[in-house]
Amino acid sequence: MSSSYLNDLLTTVVERGRMVIDRNRSRRPSGRDLAELAEALVTEPGEASGMALAQEILDGYAALDWAGRTSVFRSLAQGFGPDMGRLESAAHAFVESGDEASAMELHRASEPRRRELIRRLNRAPGATAALVNMRADLVARLGDHPEFAGVDRDFEHLLSSWFNRGFLVLRRIDWSTPAVILEKIIRYEAVHEIQGWEDLRRRIDPPDRRLYAFFHPALVDEPLIFVEVALTTDMPEAIGPILAEQRTPLDPDRATTAVFYSISNCQTGLRGISFGSFLIKQVVEELAQTFPSLKTFVTLSPAPGFRRWLARELEANSPEAVTPADRKVLEKLETPGWHEDPALLAEARPVLGALAAHYFLRSKTVRGTPRDAVARFHLGNGARLERINLFGDFSDRALSNAYGLMVNYLYDRRQIERNHEAYAKAGTIAAAPAVRRLLRRTAEPRQLAISDE
Amino acid sequence: MSSSYLNDLLTTVVERGRMVIDRNRSRRPSGRDLAELAEALVTEPGEASGMALAQEILDGYAALDWAGRTSVFRSLAQGFGPDMGRLESAAHAFVESGDEASAMELHRASEPRRRELIRRLNRAPGATAALVNMRADLVARLGDHPEFAGVDRDFEHLLSSWFNRGFLVLRRIDWSTPAVILEKIIRYEAVHEIQGWEDLRRRIDPPDRRLYAFFHPALVDEPLIFVEVALTTDMPEAIGPILAEQRTPLDPDRATTAVFYSISNCQTGLRGISFGSFLIKQVVEELAQTFPSLKTFVTLSPAPGFRRWLARELEANSPEAVTPADRKVLEKLETPGWHEDPALLAEARPVLGALAAHYFLRSKTVRGTPRDAVARFHLGNGARLERINLFGDFSDRALSNAYGLMVNYLYDRRQIERNHEAYAKAGTIAAAPAVRRLLRRTAEPRQLAISDE
Amino acid sequence: MSSSYLNDLLTTVVERGRMVIDRNRSRRPSGRDLAELAEALVTEPGEASGMALAQEILDGYAALDWAGRTSVFRSLAQGFGPDMGRLESAAHAFVESGDEASAMELHRASEPRRRELIRRLNRAPGATAALVNMRADLVARLGDHPEFAGVDRDFEHLLSSWFNRGFLVLRRIDWSTPAVILEKIIRYEAVHEIQGWEDLRRRIDPPDRRLYAFFHPALVDEPLIFVEVALTTDMPEAIGPILAEQRTPLDPDRATTAVFYSISNCQTGLRGISFGSFLIKQVVEELAQTFPSLKTFVTLSPAPGFRRWLARELEANSPEAVTPADRKVLEKLETPGWHEDPALLAEARPVLGALAAHYFLRSKTVRGTPRDAVARFHLGNGARLERINLFGDFSDRALSNAYGLMVNYLYDRRQIERNHEAYAKAGTIAAAPAVRRLLRRTAEPRQLAISDE
Amino acid sequence: MSSSYLNDLLTTVVERGRMVIDRNRSRRPSGRDLAELAEALVTEPGEASGMALAQEILDGYAALDWAGRTSVFRSLAQGFGPDMGRLESAAHAFVESGDEASAMELHRASEPRRRELIRRLNRAPGATAALVNMRADLVARLGDHPEFAGVDRDFEHLLSSWFNRGFLVLRRIDWSTPAVILEKIIRYEAVHEIQGWEDLRRRIDPPDRRLYAFFHPALVDEPLIFVEVALTTDMPEAIGPILAEQRTPLDPDRATTAVFYSISNCQTGLRGISFGSFLIKQVVEELAQTFPSLKTFVTLSPAPGFRRWLARELEANSPEAVTPADRKVLEKLETPGWHEDPALLAEARPVLGALAAHYFLRSKTVRGTPRDAVARFHLGNGARLERINLFGDFSDRALSNAYGLMVNYLYDRRQIERNHEAYAKAGTIAAAPAVRRLLRRTAEPRQLAISDE
């Protein structure tokens, strides 16, 4: 309310400012026009006319099609880098004097002019949301336009400062939440798709279900990231019972375990700005305070890269882990419906278990980190790889990504920091003994994974 | 509520993070310890332990005395500038290659390390308020410690980005406002002191009085700047009737004039980040929308530098404006109580009028701007110098600053941008004809001031 | 939030009170137990134990099945009437003395004891909602149990006092409203069924659609009555275009007409307590203030009793209005799909028009009021019967109730009171000339309907 | 906000309704006019014009002076009793038939017509507050006008229904509360006067001080009753340390005792409708939940009637309790400043102690209840008379009412109901053994007071 009231008023200020700027508004803005306006904005000293200019640029941008927007980014990439003349002088001056004053001038001169442009754009009402959307457009073009990387870096730098953790607000989402936000939860859920309003209700309304999101004051109705939680009495092995349509809810005061079964980032435009670790830790504290009976905080997570890694193993001349015997079993899993054959499941279990343990504990990227993106996230947060659940999710996606495999990562509040530091400094993977026991005996040193045994 | 809830939770996260960091907490932190913690924070990769470190630094800083805090700023000035080794390499690389990639590295290398430090400090709960207070401490030391200027520039740069106009929220302050905010209004009023709760009530509760403030989401209970408004039927000549204890309030729907009679910045820690222009313009729009009968938006402002300028004139060998006849009259105004002598007021009127007109319209600083700080602010916003009110305020302060003189600056919504641009580009001062007529005839070209004649 | 906080605390008070009352809580309460508890509550002097008793009665009632609840109402009807002994004494005393003191004692003695019971039940947390639901149960039994009429009257009397107009709060319902309320809007819509969340969204989210509801502070999440409004440029003839899935919304600042196309009472338990007239009038004022361009406030209403009246006409020996020629046409309208035959529509139009005019303007109940319940409501509010739209709604319900006929009732703010008074005092029906012209010429005096001709 | 928005809209509805009622509004309304309007309102069938009438009556009443208002109450007393003709018929009919239908008609006929009038007045916006104020005017006239007692009873009956416990909302008052409410707390404090804003702040802002109030949704900014609480580590003997200007606040998590040291009813217009018992019990639960360390809930209360009772004892021929020896000591306490003489305090102590114990435990009103109004309130709530603190308050009021004596009443949650029932049924006073030991040995049976010995 106060926010829309604010916007109304600001819009009026902007309207007046606009009357001063004598421009032909009847032409549809092209990318080139916007570049000129941007040039004016970067050099404009007046605040109210600056706001009007900023609004005009954002409106004009919003009216452009794909090609028009691409050309805006091209202008930003080519025409709004540092002022090279000034920079060269500054560099020479610094090389001569080496003092801090010339270093500061060097810093100012080397700043791409688009940073100041983005800061000034952000003065218009509603601009922060528009800039996040603009960055999403940019991210979508990076594959085809590597030359936009510098523009992207500048957006990320400023958005990262504005979406600083200190400005985020945690809110619980439940059946009392406005529909305008709930529909976005439905849209943004990226792990276990929400099938409509009834499915959503099953995830937020029962007393043993919770959903928390981070919001930013400048994006009132837009969640940034959210996590779905089930309160249970056991660490779960499979997603089915959690999402089941017919369930008897648990009295949350009797729950011992909080299961984080889905985490979704909502804003492509904020890519690279990490909220997940803060969210999980804050929700752990919130839940621990609300329900003293909770002892275990654990995820039920997918393993998005497991089957892709196995596919590469199968194609490799000298695979890391796959044996000829494994290969035979894995071939049987190419048959659709394999997961409905109990005999096949029993045969596959030891093979997939050993390979999964290798995938998580031993196989590494060139940077020395685990291959699985989800594993990297949770281990980096200080969680422990607690259990591998073969056959936890038989949805199409989970079958095609991981043969149905799911993982529990444990957030033990007393161990989080120790695990995190060991991971950050030495790449050490915290894993439960049971996970390590899945590994086949090899010559490899055991100490790669630490445990509580 | 949500904010304190948030703080509670975050505090808990921080507490846990702190348990990991094994430090001797029993010693009272010294400036040196904080510098070590700051060094750790700048290089710390872990987020939760980073938050704990940030909190520890902010707590430790808060516990320091004046000297301890000064030594923190000394550390920041000396030890957290750019990494000079990296910067030198980057500068040489750029001088050689001259390409944008090396310019970017130059930008990163030339950034003082304290900027990243301040960004990371800002992740702790409540950090933004603490950083604003820290900057206020810094500003108080700049006179004695010019070597802290670089640190101050870095604080200002980041605070300016975080207190971007797009993040500010306008709120009306009235008798329904929480006392915790009202007491700050009493404390921060810098122009016409508020004498207590009853005086405050006279300024915010009657239907013909308004007070508006800007707030920032991260400083929930702290106004950043506020303006006090009286709704009247005439442009006022004096402050007395506006602040009178006994008044019959005007029906605001019959008011024709909104008088901005006091504007106060609240946060020394945000010095240099300008909110006033936005505030006035937004309040003008808000009032115009609420009360369609309002036609005139005008200030009743002090002239804080008038008498100081006259004192210098009187000491000068060849004064700009003061004549020997003026000097005789001004000498009489040295007698205490002169303003209660009607004959003396009559004698002083033409002299002060002519000198005030010269002071506002002709006398300039070395930068070519008006000498009066309040005049610079309103003229820079696009207001017009509408009327000089000799003897508008006989309070001690006003007598000692300006012989009791007050000024009306007019915010004419149709002229604001034109005035602003003329002022910004050519230093042209918009003034009403009546003000210009106060000037003594000289050879000076008339066109220095524009008017609507 | 504050409400649930309140409930939590109250529940605790009640819990403690309950410990004192030594009862065997393991038995499932029967209707008889509740009657005993009710007897105790009516005579209980202690407040906290009274609250505990009230809570126990409400909980016990909620756990009963249909028969159990019926037996509760039987107890209330038989055992909680006036104290007949006391009443007889009081009546004799009054007959003797005739003074006001004995009249007052007579008033107290004649009050059914269940009124005090209901008042005391209302002290428990959440009791008001429970009592509204209990009344709904009672209403559902009135047909089979005419002997409960006195109990119903007592509920209605007290609920009417508690749901006094002065306590109601108007709220706009839109896409920012909590889902918990929106789902009730979907459930309670009684005129044009809402087909799900997307249909709901079409009715509340576009800028030219509005929905307003009355709420009561003690029933936080329960709308009492709501009205759906479409902003248009014409008085509409049919419901189809208003509910269409594909529409281009109108800029509401360009709308001239507000159409009230659906009004739904939500609480059976509040039957007989009328909110509709207040709701419409307040929404008219709200809309007129928000959109100065609105000139016309009109309904698009069903005629639920038209066809039932015609059926009785057709069966009557000497019908009021139906001619033999009419009868032949009406017989053709018994064929399913008749409304898709343009020739038949053309043939039926004059017949249905004349009969509808008779139905609305001339045919009366034994009380002398119009036969149509919707007409009685709007005419009683002071609206004018503005237009009869034959074939405005071809839904199954509208066909079966009214051959698809719809009605516009006009709320002309300058005429509302005059119309209302003429209707209330003389039964005069305000109708537009065009409606009256549909009447067949008869000997009946024209002045039955007033108009603005 | 929503409330003022509601009021704005309702006012508009009323304005329109008023245009219809053709009356000469230029004359100032007299009491007689209002009686005519009231007669019209009671018989008016139209809702909107009814609201306009109600508003006109309330506005007219507000404009009357003391005599005018008195004459309104006279009209209500004389002209708005039951319809005596109808009542007589009903009484005869009932005497004849004796059935429930005629009992119901008797109930309706015996209702004073002013009850329906008050109900209809309550439909106007803001009417509930106006009716509470009208009742306050009425209460102020009851002494001189015993003939208004019937009118008062009708107001009380309806206000009691509308201010039912189920509709009240508990709110904590602190330094974040709007000033408009805080100033009322200052004004309404009836026990230990609040000396201004700084004194108020000392009572609500420190972490070991709390203030809670009940509110009603229809009186948004008006507290109904409030209680002030100090969190301490001991049951306090005196008020001085609690109200001291200079104190070191206690960490509330270390408090063991909550002291209710002031309870003030705010609305004379709600006299006879008791909120205090609910308030104390709800605040006890709230505090117990917030601070698990709290074990003792106790008041520090005045004894307003002690000295008045002693004065009557001294004048009596055969006093209940005062001995000749007592009389000599009490005479010394007539000297101003006696409480500053340590020797005199020591001499007075045993005498006042024994007499106070008699006053609280043995002396009774004609109804058999304790003489002290504060004692009746707390004992009736189920509290226990825990300790008599001679010389707990040397303020003028406390000296003149009770020789400075104060009392602790203990709210022991496990005993409240038992104490309440024993008091309600048998008049038994729960008192600590130490209080009973103050009694002089007499022949009186000990069992008058129960204790936990």
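Per-chain residue numbering starts at 1, and chain names A, B, C and D are given in the order in which the chains are listed.
What we mean here is this: a contact is a pair of C-beta atoms (placed from the backbone, for glycine too) under 8 Å apart; a residue touches a chain by one contact, two chains touch by 3 or more.
Values in this document were obtained by computation on a predicted structure and should not be read as measured data.
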So the chain most remote from subunit B by C-alpha centre is C
Counting C-beta pairs in contact for A-B and for B-D, the higher total belongs to A-B
Averaging only over C-alpha atoms, locate the centres of subunit B and subunit C and give their separation in whole Å.
-> 58
Any idea how many Å lie between the Cα centroids of subunit A and subunit B?
-> 39
Roughly how many whole angstrom separate the Cα centroids of subunit B and subunit D?
-> 50
Would you pick out the residues of subunit A that each touch at least 2 other chains?
-> none
What chain pairs are in touch here?
-> A-B, A-C, B-D, C-D
Give every residue of subunit D touching subunit B within the complex, in rising order.
-> 175-180, 182, 196-197, 201, 221
Okay, in this complex, where on subunit B does subunit A touch?
-> 2-3, 6, 8-10, 12-13, 16-17, 19-20, 45-49, 51, 81-82, 84, 87-88, 91-92, 94-95, 98, 100, 103-104, 106-107, 110-112, 119, 122-128, 150, 153, 158, 161-162, 164-167, 169-171, 217-218, 274, 277-278, 281-282, 285-286, 289, 382, 413, 416-418, 420-421, 424
